[in-house]
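Pasting the structures in now, so scroll down.
Here chain A shows up in two complexes: once beside chain B, once beside chain C.
Up next, the complex of A and B:
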């Protein structure tokens, strides 16, 4: 999947996981796509939903099959 | 003076004796853990004027003002009433109805807990029973309000429906589900209903609203968390409407009133006489 920017939050712990991802999407323009690499467990359970609650559009969650996932999310102002 | 006081009567009015002779801690009526600022101000004034300048937050979302002289009690209650605050209750009756913030505030919530707490309060608060009786309302499976530690615990949940046409096969719900009830088969999501706990995390996380949730109440009975610890048990399927919910809570409290010995908690009654009678009463209420 194509994206404009990426951020890796696999070295962050809650609540910095979503905070880091949130800061990253703030940098984008409306309609651009952010790829967020995150760990299995709490981050993948919660980060997609937090993006939804902030009004952004989730496109796809990709299983990297190494214990991490990549979420593609389109920025909505 | 203090020797002639009827402490049993005072307890019914939320006044609890203290180590310090002649003083007590006045419990205030709080519903669902919310208290507006007008009430808080009058509580602060009273605690300054009659107490020791502080309040104690109870484990069940109550507020108590310690160090009230029993001779000031009538005056204290009058001043509190002016600010819209009334005394709570202790002793063998229905206690404070507790609640989390629920769907009106919390993104995880499935039901309007505060409204329900107020309705339960109007229906039952202070009702005299063989022993104390506690209601707790929590908005979702996160269970911040610990439903199962109450005599009757109510937990919000959602029965979910998958709308295939709206699904973009993103896979978010599969991971959002903590019960592993969902799997992706040929780009469509399949649900194992036996594993679903009605937590609604699929509904909350789906970016295209392809999961539709119908709110309901998961009710458990006979919890205690004091001297004895027992987790309240669910005897019924999820309840979809408030009318049925109240029929069921009426049936539970009536059953307790009719069958409990004096000073016997709900769980103890169930252990003494078995659960079958209660189950029967609840099922009857559930089926209307």
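Up next, the complex of A and C:
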């Protein structure tokens, strides 16, 4: 899947997981796509929901089959 | 300018808020707030603004830390007694957050220096303890078109209001002129409960932060009063028509700053404080 920017939050713990991803998406323009690599478990549970609460659009959650996932989010202002 | 990982972590509880985000935190980091008075009100306000990452904080006070200050001026410690309040304040703020550029002004603010002083700041907090200073700050902010937050505390009571140019009444619209001498209690009679500075000073910091972020409603056109005995807040709507105000009205008669005679305590060299307010 195509994306404009990516950020890796696998080395972060809550709430810095979402905070780091949020800082990254704020750098994008409306309509651009951010790819966020995250660990299974708590980040997969919470990060997509937090993006949704901020009004962004979740496109896809891809299982990397190595214990990590990549979330694709489209920025909505 | 991108934030460092350390900044992202430090301000994470701000950034996570929808109303703040990285954008809002950067506004705070680029903002300049001046606090006049490093006392009961200025101390908590300065600490919260420093912790919040307000990038430049000016702090003006001519006094030195005195033992009797420490019951409420939580930015100063016992070991600071005798030290300039602005120096003690800066040390506490920078220990908490080295991101913040604290500019100190160890002087009395008067008609000769205030306009130049406030000019470089985005928002001003009036944490002073006497009427001449309060009218001076108000008039200077009106003349320089600066937003500011007024506050005052005495005994178990506190109050605050915010002036934004062209958006509502100024302090003089409401209170007209300093009260006659001896009409209000001085430091010798009055006293103040220490936590009052924390309540009202924190509300001042909140006004500054919201003004910088451009979020929510400010206390423009309102006077918020707090009575700790009754444990009661009142938000008093102020009259809208301020066209006849002597400083911010249509035809101002006050076009130059006035140094009203300072209420003086027996010993002004920091031994006692002048503690008078609008009650």
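Throughout what follows, the second predicted complex is superposed on the first by the 77 of 77 C-alpha atoms of A that agree within 3 Å, B and C clash if a C-alpha of one lies under 4 Å from a C-alpha of the other, contacts with A are read in each partner's own complex, and residues count from 1 in each chain.
By our rule, a residue touches a chain if its C-beta (ideal position, glycine included) is under 8 Å from a C-beta of that chain, and two chains touch if they have at least 3 such contacts.
The structure displayed is predicted, hence computed values, not measured ones.
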Just chain B (first), just chain C (second), both, or neither: which does A:52 touch?
-> first
Between chain B and chain C, point out the one touching more chain A residues.
-> B
Which partner does A:77 contact after superposing on A: first (chain B), second (chain C), both, neither?
-> neither
Give one of first, second, both or neither to describe whether A:69 is in contact with chain B, with chain C, with both, or with none.
-> first
Counting only touches as set out at the top, which of chain B and chain C does A:23 meet: first, second, both, neither?
-> second
Once the shared chain is lined up, is A:60 touching chain B (first), chain C (second), both, or neither of them?
-> first
Now for A:15: first (chain B), second (chain C), both, or neither, which partner does it touch?
-> second
Touching A:2, do we find chain B (first), chain C (second), both, or neither?
-> neither
What residues on chain A does chain C touch that chain B touches too?
-> 53
Residue ranges of chain B in contact with chain A within the complex | 107, 168, 170-172, 174-176, 178, 201, 204-207
Any idea which chain A residues touch chain C in the complex?
-> 15-16, 18-20, 22-23, 26-27, 50, 53-54
Can you list the chain A residues touching chain B in their complex?
-> 40, 44-46, 48-49, 52-53, 57-63, 69, 71
Within their complex, state which residues of chain C touch chain A.
-> 2-3, 8-9, 12-13, 15-16, 18, 21-23
